[in-house]
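Contents: one structure, followed by commentary.
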C-alpha cells in the first residue's frame, strides 16, 4: 500500500469524497462502518462533516456485519466503507450474510405497503377458525415489518398459541402466557394449522416436513416476498403483502364474527403440560451444583439479571442454541442472531451496530453479547472498537475450551508431555483456560474470569452497575471432553 | 449451525473423510490450516491420523493466508480447510492474495524445468557486457525458484550491483557489499540496463516508467511465466524459463569471455556515495533521543538484536515500508511481506505458517513478525493459535495509535470531553495506548509495553532468550498527529 | 462430441431422463425448445411421451428466446433444453434477455395476489381527480397481469387519455378513441399526472426526466415489483400489488364519488390536434409514390391487411420503431418486441413461441413477424424450424441493404470495381438485393421479393389466404445511403 | 436500440474511436470481425481507415469464432467487435471456445522462446531409443508452434510411426508413409512409448488410460504450457518449452549416436497390416452403389478432388468424425475443427477467417467447409457474409435430415398424416430434403442439390473450376432411421 501523507491528498480526492458523502446523506444514511485507507479516508471525513457517524472497525468482515444489521435495526441503510481489492473481498462474507438473511444494505426508500387479496384473507380466517390445534410462528419478517401491535392483538384476542423464531423473539414478549416456546417440538409436531408471519421453513424450522410436522398440516404463509412463498411446502393459503397490514386485514376479517380459540381445549392442555415438564427439566440442569458449570446454570443466572429492555446478540453452537431457549426477549428487534447461515464472526459486529443505535435512540439500554469461545475468536479484536467508542456492551464468552468441546488443563498438559502440539492437538480444541477477559482489559474495559455461579452473579451485577465502561465476562464451563486424551483415536495413527 | 455430537458422526462421513485425507497425503500435503465445523472435522482428524499436521486457526482469512504461504516456503502445497458457505467466503481474501502474488495452493507436482532459448541468452549476455550502469533486481520469483546459488555467483563473479524486492531480500544477503538497497531510488533512476530476476514491474517498482527510470533503460526479463513478460514495458531481451536454470545459462555464456564490471567505475562510485549519505541520514533519525520514539529508532534497535537466521514477516503502511529498509535478511525465503496487494491481515497467518515450517525444518529459528497497530487488529486473535501451539514467534506491534497516524492520550481525552466518541473520533484514529501485549498474556505468552529504547532493548533480549514461549512487544511511537484535536477540520461540520 | 448410437443409450440415462421429464410435467411445463445432443436427447423424448411439446431449434440463442416468451404468453413456464458447455453459453443471451424484461422461466406456481394499501389507493384517486392534464401509460406489466378489463374500464369510465408502451399495446386496443399514441411526445411532455401501469421509466420512456417531461409531473406507479418502484424518479404515490387487483381497488375508490375527466378540456383538445397533424404527416409519407418505398408506405400497406387478431413480433432499428407507430394491436399480449435491451436476434424465437401457442390456444391466428434485414440475419436459419413444424408465421423482412442504411446495387458494383470487398465495404453495409425470401423457399415455404406497393399488397393477400404454409416477404426499401460510394470518407485512408 | 443518425455522431465518439483503432493497429491487428451498432460503428470505420480489415458478420457468435481462429492462423491477434449487453453475451460462446482450445485473442507480443532442461532431453532421447513400440502424436500445439520442419525430420530420420490429432493433421502430411492414422486404435493400444507434441490427453485421446492404452505405457510430453503437463497421467519425461525448439534439442541429442527405429520391426508390421485392412474396409463402404449415399462414398469422392493446398474446416458429429479419417491434409495449420469442446456453430466463422487470411497470404487456395446439416443451421446465415465478401469457400452440407439421424420424405409425410408436427416430430429430426443450397443462391452464390456420386463429382468439379463465386453443395445421404415412424416408441405416449 503506497504511503499516504494526510497533507498531500489532492483537491480532486476531497471533492469526489464530498459528492459521495452527500449522496449517502441524501439516502438517509446515519451510520458508516469501515476501515479507512487510500482512497476512502476522505469519504469518511466528508461523511462525518455532514453528521453521519463513522465507526472505524478492525477487520472488514466485522464492518460489513455491523453495516448489515443497521437496516434491520433502523429501517435505514447501513453502509460499509472499505478499500477495493482485499478489503472488498474481506467484506464479502458480510454481504453474503445480509443477503441470506434478507436484510437490506444501501436501500434507498421505504417500500410502499401492499396488502393481501381480500378473498385470500377470508380463506385464511376460515382456516384459522376451523383449526383444532392452531399455532402461530412469528419470524424475523414480522419484526422487520414492525408488526408487533397487530400480531399481539391477534394472539390475545383469539387466544392463539405462538412460537417465535430466533429473531422473531420479542415481537410478542417471550414471557407472554400464550408463548409456547418451551414446548416447541411438541407444538410443531401436532399443530394442524400453522400461520407463519415472516418466518421461513428453513432448517431451523425443519423445512416444514414430517416427522417433525403432521403430514397434513395446513400452512398459512404471511410474507412480503413472493419468492419465499411455497418454497418447501405448498401452503394452504398465502397472504402476500406487508406483514403488519396483512395481519390487520386478518384481524378485521376475524372480527366480523365473534370467536376465540378455546383456552381449555385439549391442545392448550397438552402444550401447557409439556411446557411445565420441559421447564422443570432445564431448571433441574440449571440448579446442578457441580463445577465446572453447565450451559443451563450459566444462562439461568444471566437471565435473572438480564435487563428487560436490553438487546441480546448471540453466536456459537450450543451457546446460541441453548442460550436462545433460556434468555428472554421482551421487545421486538432486540435480538440479533447468527441466523440462517450459522455464520461465525457476526456477533461483535452486530453488537457494535446495536450499541451505536441504542446510544442514539434508546440511551441506557445494554447490549448483552453472548459468544461461544470459538465464535469470539473470529472478531475478538473488535473489543478495541468497543472500548474506543465506549459502547454499552457486556460480552459473555461461554468458554468450553474448544469448538463443540475441548480439554481441561490437566488433560491438555498430559497430552503435550511427549509430543509437539502441532502433531497431536485435536482439531476442535482451543487453549484451555484462555483469559479472554484480558482482551478487554487490554483496552481499558472491565474483565472477569468466572468459574462459579457466585462469581458469575457478582460479575454481572458489577458490569451492569457501571455504565461508564464495557465488560467481558469469561465464563468457564464444562469442556465435555472428559475422557483421557490418550483414549482419543486420532492419537493412534492408522498408518505410520 | 446444527449441533454436532462427536459420537454420532456417521460411518459415511468418516470414510469419505479418509478418502479426502488420503488424497491430500498422496499430493504431499504436510500442513493443513483451518477451522473445523460440520462436516470437515472428520477430514482434519483423518489427516492427522496420516501424519499431516493440522493447525486450527481462529478466522478463515488467517487460515487461508497461512496456507498460501506454505507453497512459497516449502514448494509443497498448503491446504486451507473451511466449511462451505460463510467459511468459504471468509477464505476468499486469502485465495485472491495467493493468486496476485503468484503463489501456488494445492499444486500437484513440481513442474519440469525449462530453459531460455540459446540465442536470447547470448543477446542478454551481450547487453550486460555493454552496460554502462547495470543493475540486477532480485525478485520473489528468484527466491521461489531457489536461484540463490546462481544469482550470488553472477553478482560476485561480475561485480554487479543488485537490489532486492521485498520478498527477494535474502536471496543474496542484504549486507552483501554489492547490495545497493540503500541507494534504491538513485539506482533505479540512472541504470541503463536492468536485469529482472523474477521481479515484476508493478507499483513497488514504479511500473518501470520515467521519471523513476531512464526513458531508454533496457530491461532484461528473466521469468518462468510468459504472461508476465513485457507487461508494462517492452523488454530488450526476455529469457523465459526456470530462473535458476536460466541464470546458469547466463553464467555459462558470460564465462566464455573473461569480463567483469569495473568496481571503480563512476556508476559504482555514485551508488556508494548515495548509500553512504542515505545510511547516515537514517542513522541520524535513529539516534534521536526524543520520546515517543520514531520508526528508525525502533527498527535500528530491532536490527541490532535480530538473529541472522530468523524469518521476518511484516505488514502495515510505514511499519512495513520503513522496516523493510532497516531490517536485514541473510537467507532466502526468510521474508514474508504483505506484498503486491498491500493486503492487511496477512501477517499473523504468514508468521504461523513460517513457524510451523521452521519448527520442523530449521528448529531454533525465530519468526519476527513486525506489525503496525492497525494491521495487528485484522487477525490479532490468532495470538491464541500461536500460544496454543507454542510457536517460536515474537510479535512487534509498532503502535502509533492509528492508521497512518493517531492521537496521544491527552488530545484524545480533550476531544471526548464535550462530545460522544462516535460523533467525533477521526476515522484513522485508534484507542491511544492500547495494551496489545495483554492480548498475548491473556493466552500465557509474554507481553511487554515499551516506550523507550532501553525498554525495547531489554524486552527484545528477554524475548529472544526464552525459547519456551512466544512474546508480543507493544512499541509506542510518535502518533504524529500532534496538533490539537479541535484544529481538525472534520470537527467543524459544514452543514449542521 | 463423441458419436452417439441411439440404440446404445444406457438404462440409467433413460430413467434419469424420465425423472426430469416428469418433474417438468409436474411444474405444468407445456413447451420445451432446444437442440438435442448427448445427453439431453432422452429428456426430450421422455417429455414428448408425457405430452409436453418439444420444438427443435437451430441455435440455442433462438431456443432460449423462444422459451423466454412462453411465460409471458401463457403464464406457465417455458423451458430451454441445451447441452452443457457451449450450448449453455449460447443460451445465455436468452436468459439475460428474460431477466431484463422481467419475464419468468421455470417458474413454479402462480404467485398469490397482493393489493395496495388502502390509504395509498385513496391518495392516488385524489391525485388523479385533481389532475389538470392526466395521462395513463400502460406497460408490459399490465399485459402480464391480465389487467385489460380493469384498465379499459378505468379509461372509459373516467375518459382518461392513455399511451401504451411497446408491449403494453393491445391491453386497450390501439384504435381506441382515448389512445393518444399518435401524440406521444406531446402527451409525455405536458402531462401533470402520469399513472404508470406496469411500465418502467427506462430509456424508452426517457427515464421520466425533463425536458421530455414537466419537472413537477406527478407519477403514480402501479407495479407488482417493489424493486422497480421509484427507480429513477420519486413517485408521488406508489401502489404495490397485482396490477389488475390494484386497478380494481382504484376503480372502487373513484366510484365512490361521481367524476370524470372533462372530454372537452384544453388538454384533450391539444392532444387531439397533435394526433391529427402527426397522422396527416405520416400518411403523407406513406402515400409517396417514389421507389424504392419508404418505411411508412410499407407499414401502411401492411396495416391495411393486418388481421385484427394476429400477433405482431418485431425487431430491428427503424423497422421496429416506425413499425410500432403504424401497426395496430387490438388484443393484449399479442405484441412481442425486442424490448428493453434492444436485443437483436429475438424475433424468430418469439414468433415461433407465439405460433406454437396460437396453434393450440387460438387456432387460425397469424403471427406477423416484422424484421429488419440485419435483424433477420441473427437467427434466419430458424426458418427451417418454422417450415418443419409448418407454423402460421408470415415473415416481413424490411430490407434496406444494411444496418441503419446500405447501398443500392449500382453503387455497390462501382465500389468493388477497383478493390477487394474486405478492404472497402463500409461496416454497416450488407449485400444489396439479398433474396432472403429464398431462405424460405429452400424449406418449402412461400417467398416473395417485392419492390412496389402493388407487389407488397398482392404478396400479403396471397400469404394470408394460404393457411397451409408460412411465407417470407422480402420488401425492398430505400437504402438511404444515396451518396456515391467514393464520397465516403472511410475509403480515403488517413495514413496509408 | 435507439435510432442512429450517421451524420449526428459526435466528435467525441469519432476521436475516441480513433484512439481505439490506433491501439489495435499498434498491436498488429490485421482483421476485425463484428456487428456494428451504437457506439462501435465509428471504431470499425476508424480501423478501416488505418488499413485494418473489417468483416461484418450476421451474429456475434460467428464473429467471435472467426476472430478466435485468426490467432491460430496468423500468430497475430484477432479481434471481435460487438456492442455491449446482448451482443457481448452472444459472443461468449466464441470466447469460451478460444479458451478451451488454448488459442489466443488479443495477444500482444509473440512470446519469447523457452527450451527444455538438458537433462530431461537426454532422458527423453534414451526412452525413445529403448522403445519397442514407439508412437509420436502430433497435436495442435505443434502446428501452432510452427514445428513442422523439426517434427518431420524426427519422423523421417528415425523412422518413427506418427499419428496426428484433428488439428495436428498436416504438420506432417497425412499421406506420409509413416503416418499410421489408419491404424489409430491399434497404435494407441499397443504403443509402449508415446511422445506427445502439443497434444493433450483429453477425451479425443481417451485420456491416456487403459483399456485404450497399455497400463504401463510411457508418455513423453512436449508442451509450452506447464499447466497441461501431467494432467491425466504422470508422464515419464516432460519437456517444457517451445515445441519447435524442444524438438530441435531432441534431434540434436539423438544425433549424437547413430540410431533409427527398425523399419522391419514387428511393431511396424502390425501397424501396416492393420492399416491395410482398415483402408480396405472403408474403401468397400465407399464403393457401395446403393442410394442414398453413405458417409464413406461421399468423402472418398470429395478426397479425389480436394486441392492439395486447401484449408479444411469441419463440424458435425459423424460428418466431422468420419470426414477426418478420409480427407487428407498436406500442409500445417490448414485444418480447423470443432475441437476439444465439440462446439457446434464454429464452422462458418472459422471458414470465413481462413478465407480472408488465404485471400491475403496464399491467394488461390480454397476453403472446403464440411458441415453436418444440423451444424450448418447454427450459423447458416453467414452465407450472406461469404457472398458479400465473395470469399473462396465451398460449403459441403452432408445432409441426413437430422441430428445423428433423420427420416426420409415418405416416412415424414406418413408421420404427419394424422397429427400435428409439434406433437410428434422426434427431437433429432429436421425437415427432410431441405434445400440448403438455396441459402447460397439467395445471395448470388452457386448451389447444388446432389443425390448421386455422379452429381457430387460434377458439382465439385464445377465449384472448383469457378473461382469467382462461392458454392454450397447439399449432399443427401442415408438418413439411417429406416424403420417406419410408427415403430418409434416416442409416438406411443406412456401416460395419456
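Labels for the chains are A, B, C and D, by order of writing; each one numbers its residues from 1.
Everything below uses one rule, namely that a residue touches a chain if its C-beta (ideal position, glycine included) is under 8 Å from a C-beta of that chain, and two chains touch if they have at least 3 such contacts.
Predicted model only: the values in this text are computed from it and were never measured.
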item	value
Other chains in touch with both chain A and chain C	none
Chain whose mean Cα position lies farthest from chain C	B
Whole-Å gap between the CA centroids of chain C and chain D	38
Rounded Å distance between chain A and chain D, as computed from the means of their C-alpha atoms	59
Chain B residues counted as touching two or more neighbouring chains	none
Chain pairs that touch, as defined at the top of this document	A-B, A-C, B-D, C-D
Residue numbers on chain D that touch chain C, as the complex places them	1-4, 6, 34-37, 41, 44-45, 48-51, 53-56, 58-59, 61, 85-87, 89-90, 92-93, 96-97, 203, 317-318, 321, 338, 341-345, 356, 359, 374, 376-381, 384, 387-390, 403-405, 420-431, 434-439, 441-444, 489-490, 492-496
Chain A-touching residues of chain C, taken from the complex the two chains share	108-109, 111-118, 120, 226, 229-230, 234, 238-242, 245
